[in-house]
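Chains: A, B, C, D and E, in written order; residue numbering restarts at 1 for each.
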Amino acid sequence: MSRIILEIKDFSMVFGGLRAVDHVNIHINDGEIVALIGPNGAGKTTLFNCVTGVYKPSEGDIAVSNPESKVIRTNGMKPNNITELGLARTFQNIRLFSSMTALENVMIGRHPKLQAGIFGAIFRDKSTRTEEKQVVEDSLVILKKLGLKQYANEPASSLSYGAQRRLEIARAMATEPQLLLLDEPAAGMNPQETKELDDTITRIRDKEGITILLIEHDMSLVMSLSERIYVLDYGKLIAEGSPDEVKANPAVIKAYLGE
Amino acid sequence: KKEEGAIKIAVVGPHTGDLASYGIPTIKAAELVVADWNANGGVLGRQIELVIEDDVCKPEVAANSAAKVVGEGVVAVIGHICSGATKSAMGIYNEANLPAISPSATNPALTQSGNYPNFFRTIAPDDAQAATDAEFIDKKLGLKTVAVLHDKQDYGKGFADFTVASLEGLGIEIVLYEGITANAVDYSAILTKIANTDAEGIVYGGYHPEASKLVQQMSQMGLDIPFISDDGVKDNTFIQVAGEYSEGVYASGPMDTSSNPMSQKATADHKSTYGEDPGAFFINGYAATIALLTAIENAGSTDGVAIMDALRSNYVDTPLGNISFDENGDAIGVGFAVYQVQNGVYVEL
Amino acid sequence: MLKVDNIHTYYGNIQALKGISLEVNKGEIICLIGANGAGKSTTLMSISGIEPPRSGTVILEGIDITGMPPHKIVTMGMSQVPEGRRIFPQLTVLENLDMGAYLRTDKEEMKRDLEYVFELFPILSQRRHQIGGTLSGGEQQMLAISRALMAKPRILLLDEPSLGLAPLIVQQIFGIIVRINKEQGTTIFLVEQNANMALKIADRGYVLQNGIIVKTDTSSALMADEEVKNAYLGV
Amino acid sequence: MNKVLKEIRTSALSALWMMILTFPIIVIKVNTINMTVNWRWINLMWVGTGTFILSWLWRYLLDRKENGSGLKKTDTKESRRFSLHKSLNDKKMRIPVLSTLAVLVLVLPLLVNFYQVSIMTSALIFVILGLGLNIVIGYGGLLHLGYAAFYAMGAYSYGLMYLYWGIPFWVALPLGAVSGAVFGLLIGFPVLRLRGDYLAIVTLAFGEIARLVLENLSGFTKGPEGIAQIPRPGFITKLSLQGATIYLFYICIALVLFTIFVMRRIEDSRIGRALEAMSEDDIAAQSMGIDLTKAKLTTFALGAIWAGMAGVLLAAKTTYINPGSFTLMESVMILVAVVLGGTGSIPGVILGAFLVTLIPEYFRALSDYRMLMFGVALVVMSIFRPQGIIPRVRKHYIVGEDQS
Amino acid sequence: MKYFLQLVLAGLTKGSIYALIALGYTMVYGIIKLINFAHGEIYMIGAFTALIIGGVLQITTGLPPVTILFISLAAAIFFSAGYGVTMENIAYKPLRKAPRLTALISAIGMSLVLQNYVLLAQTSDFLPFRSMIPNFSFLIPGKSLVTTTQLVIMITTVVVMIFLTILIKFTRMGKAMRATSQDKVMAQLVGIDINKVITFTFAIGSATAAIGGVLIANHMGQINFYIGFLAGIKAFVAAVLGGIGSIPGAVLGSFVLGMAESFGAGYISSAYEDAFAFVILIIILIIKPSGLMGRNEIEKV
């Protein structure tokens, strides 16, 4: 039995009168690829926002376990502290540091893994120097993994949409997460590009052992990639199971898939 | 040393920015005097040339302006206008051995501390003025309690502080002592506060723009107690701006200049040349320029030490009267009197 | 109806369009496909005057609109669903829709059209007083499309209308596009990544690569084209 | 030909409009006391002709800027302008260029007169201020309108410590930096949640409060009267004014070099990157593990250190300080230096600081028109160099040869 | 109690004065998010124009003061609007796509230009601004509480606020203004002529400033070329305190400032008058980081 990395218990998020997420229970095991799907406005992104600390959950519990299986409750924690626990994410509306280069974007991702403080920066002692060198190297490696190396010195804003989406993944990976949360990584990509993304994500899980939770509306990607699927509708969990189970679930077909 | 060409004299003060109206009249005064003298053959047989520099009344800019005019080879300085700027500039003039005559810097330390040996002024220091006012309040007005306001600036606060000291010495009670914000749009709150004390009069240290707003609002509020102020208010602009509200206001200032023919001439010249009435410290600037040029004439040279000696040892006729300068650089003969606005003119009491 | 002739568009010193020519006839659905960064969005922006081309001409119904300010072009009956949705973030859903109908004065008709878009997207109706900026991604996309419909355009430019929408809605969207094309005779110029779907409903298509049109044909021919299949259809 | 006619028409219309617009203020001068009106019709002619010519020139230049005609020309200009910057990055050129510069700077005070040294020192102090504010605005992306308060902290640290304990310059300098930093942290805490212009206004408020306190606590700070006779730094013995000024000039040079050195290091470090990430997108930055609280406080403290030092230098240079030197306008001018030169760009900010201090000085020849022309210069430079005069150039990392 | 009421009135007076300037400020600020440093100068030019035109009329004609007041007010509105629009055209329009801070520098430059232009063309001195507002006889009994000018200022503030609110909320132009302020590109794509909208906004904002200039000058009794600087800063503070772009917010922010200053001066010390205003400002913004009436800047992530 593998360890549960993320456990969401009886969790709700309320905006004014609107219950965007309604008593949801979700758990993610170490090493899985899990998808979260559902109609527009179902509350998927909101769930991500709460898990990563951007919003404060209204009710319920969110807990993350670290590699030593110590369980830490993260409700109300700041996003940066959650990142330090090994959660990293991408954003549905791309949020890169747009005037920084692709490489610098990834270097920012390395931030929590580095030590150098202000005095290190100014005096640039030996350890800082090696660290700095290491950051550049490590970041380049990550860029290469996502096929972005040729854009290393380009400002992020000048990359095409698809490249920007991949750069978001690269930046999130730079924090060395145990769990990577991807919000619609294939949006704006054509079917060919989506296929390449499929391979990339599989590789990240297999090679790096990073667990993945993704939101996606592209069913071809979801079905081929994920091992388990959660379906949200109007904030409520309406289905859970393997791709085949979900595909055949009448409630899901009615609310989401169509036909 | 080259003894040919024009003799250069610097005029330094705020010529742009919020305090420009205190600096520009002195330029005009100097220009008028110099034009007069140049028409009559200049000084020491040489023409006089003005070097005009802006210091915005800021110490750090004043230091640069001072360095600039020293570099231009001026022989003396008319200025600066603000005491703070003057203090930062004086070090440079001392070093270069240049006398500086200010028409308006009234901070007592400038003459009394001994730190600024090259400094002269054609205006009395704050403490002397304050003493005059305090005595007037005590003897003539017979007030027992007063409220003291100032504009939180160098000049106004200095005056207010010295007045408070003098008044307390005379046993008059200060029921309120506060700074007000210069340039504010309304003073009803502080005036209301004063109305709620038993102050029999208001002493204000500062300049005329705030004073005219204060008296206007006092009258509108029906706060009918004497308003006593300083030389910054004893200015015709005050009467023009405050109009009817200025009636009855007391202000101290140098003794009887309006009847002085030189002063009348200076004002008339200003009107004919610039088409308007002169502004603040115009007469002081005029007197400073005359005193300086006369001193150069008397010294027979443009050497700083000689000029300073001449300033100290000779009396000269100026619109301020017949004046000279004492050891510290304060003008002798620039006494103070208290005036009151009566029928739209300041009348000496 | 719309004729684009050899336009070159730059972002600063970077050339994004390198001589694009295309034609859209009245009543057609035309689809433009291409990889990320090919210049699809730029083409739309150049047509609508936001990024006017440095050279070349754009002709709308016989009138040269090159270099015309965008709002004038809109007056001529063109409307756009831009890339990135561009919802007015501080306005409510209703206000956003109202803004779409900025140029219209026919109050009664507008009311009916409002009912129409709410019928198309019931979720918007539920969210009608919510601030646009807080809508979910897909809801915003629906709002952007509805807003463009509210203008009752004669020609509609759509930049990736299906982006971020649930499969069910995607099918609906394409249905709607066909419907307004058929029912109201609106000419459609469609940019899509979901090329399979787009070509299915389009009459003709253009393929854009690095700022140049490399292919144009009927939709069925393009769908059968090997190169197109490999590069864009993912089969 | 048609085009020329059209241009003439537009210019004529602009001229006419400006003549109407400026009419009351330019032409009429009333004296409500003497009840006289002075009509200065001649001025209208100046406005008319001036606008006619300038509007033509203006449109020509704007057109050139927009449409990039003469693109090549600006390109070469660009490369020339950056040549210093470039040659500094070129290893072979670095040593000769730097040493020439060094020699030039070292002998400068001996070549020019006292005034020039004095304004150069002022400019150098402003460079330090500009670089310090650049941390807050350029890197941290926080619009700070109360920077003069930090500057005042430094100046008053020296002024007061000298006044009460006779502490000398060299002790005051680091203490000024420390008090700046402490003050920066104090301001930093309450404003953590604020963004954009809401932050700007609160910093403005802090700046003004600081000045008001200096003004009103006259028992302690000497109030508006200010602190006079602050000593210039002495070198072994007390120096003459000339000597002290030149000495201070060298001290400023050294501190500017030190500042540049530190700035370059910060810019290119983990901390610098974190600040920049925060300024670009704070939510994404937080999601990358950056602690915003820490980053913001660091920004304020780091920025304030330099203002503190600059303040000590100012006090030493003018020997007199009063609250009037630390007004909102001062904060604004430092901001102008940063943005005009190029937000985030070290050489840009340096140039900006020089321009902001030296333009008004060298415009002295224009006398009355000095500040008018300075204003015009600001508008024109903003429009024709919107990214700053020397925009920031990002570091280019060598990606390695293998293209696999 | 009477003292308290007097302070409230003093605060109201000050508040309405600030509001009159802040209203125009917040219009422009709301739409192009520019910290318009030169707004205060437009206000100053309004006052100067009224002084000049009023003076000329007074000297050369025998019109009654009220007529002169209205003519010079009209002139002030016309010319201030003209200056505002021209300034936008020259100094801000080319910077629409530039970084915000660059536009701010241009505004600072413009402010210096206008200040020194008036300084050079007119004078550095304070000029008396004769009150042109006749005294209402029904106010005479309560003279110590409120003067005619104060009353006129307060009423005008309310009227202008209502007018602007209606303009923005209910008119087509207002709709266009809101769209333009949020997304200029999209505004164009729904058919809005953003140049026209921005020009209009500057015209209205400047006209409001002119009204402020004339009335406030009436109240203060004097003007010079520098009065705009502080006015502009206070307007900026009030506008931000109220919530950027919110018309009622600007008025509320102004009243809070006015009251803070009045009570600070009345109960503690007028030396720290401004400091109280700023302290209140800081406290309010710490509690409510997007101003009193500002919509919380919701950011959907």
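The rule is short, and it goes like this: a contact is a pair of C-beta atoms (placed from the backbone, for glycine too) under 8 Å apart; a residue touches a chain by one contact, two chains touch by 3 or more.
All figures in this text were calculated on a predicted structure; none of them were measured in a lab.
Chemist: Most remote chain relative to chain A, going by C-alpha centroids?
Modeler: Checked the centroid distances; the maximum from chain A is B.
Chemist: So which chain ends up closest to the centre of the protein, judged by Cα positions averaged per chain?
Modeler: D
Chemist: Can you compute the centre-to-centre distance for chain B and chain C, using the mean CA position of each chain? Integer Å is fine.
Modeler: Centres of chain B and chain C (C-alpha means) sit 73 Å apart.
Chemist: Please compute the C-alpha centroid of chain B, do the same for chain D, then give the distance between them in whole Å.
Modeler: Here the centre of chain D sits 34 Å away from the centre of chain B.
Chemist: At what distance in angstrom does the C-alpha mean of chain E lie from that of chain A?
Modeler: 48
Chemist: Using the average of all C-alpha atoms in each chain as its centre, how far is it in Å between chain D and chain E?
Modeler: Distance between chain centres, rounded to whole Å: 28 Å.
Chemist: What positions in chain E touch 2 or more of the other chains?
Modeler: Residues 116, 123, 127-128, 130, 271, 274, 299-301.
Chemist: Can you pull out the residues of chain B that are in contact with at least two other chains?
Modeler: 16-17, 152, 179, 240, 276
Chemist: At which residue positions does chain D touch at least two other chains?
Modeler: 29, 31, 33, 215-216, 283, 368, 371
Chemist: For chain A, which residues are in contact with chain E within the complex?
Modeler: Those residues of chain A that touch chain E are 45, 49, 54-55, 91, 93, 95.
Chemist: Once bound in the complex, which stretches of chain D touch chain E?
Modeler: Within the complex, chain D contacts chain E at residues 17-18, 20-22, 24-26, 28-33, 35-37, 43, 58, 62, 65, 137, 143, 190-191, 193-195, 197-198, 200-202, 204-206, 208-209, 212-213, 215-216, 283, 328, 332, 335-336, 339-340, 343, 368-369, 371-372, 374-383, 386-388.
Chemist: In the complex formed with chain A, which residues of chain C make contact?
Modeler: Checking each residue of chain C against chain A gives 14, 33, 35-37, 84, 123, 127, 130, 134-139, 141-142, 160, 163-171, 193-196, 230-235.
Chemist: What residues of chain B sit close enough to touch chain E in their complex?
Modeler: Within the complex, chain B contacts chain E at residues 16-18, 20-21, 24, 152, 178-181, 183-186, 188-190, 192-193, 195-196, 208-209, 212-213, 216, 220-222, 237, 240-243, 245, 276, 279.
Chemist: Considering only the defined contacts, which chain D positions touch chain B in the complex?
Modeler: Contact set of chain D toward chain B: 29, 31, 33, 38, 113-119, 122, 215-216, 218, 223-226, 228-229, 240-242, 314, 317-322, 324-325, 361, 364, 367-368, 370-371.
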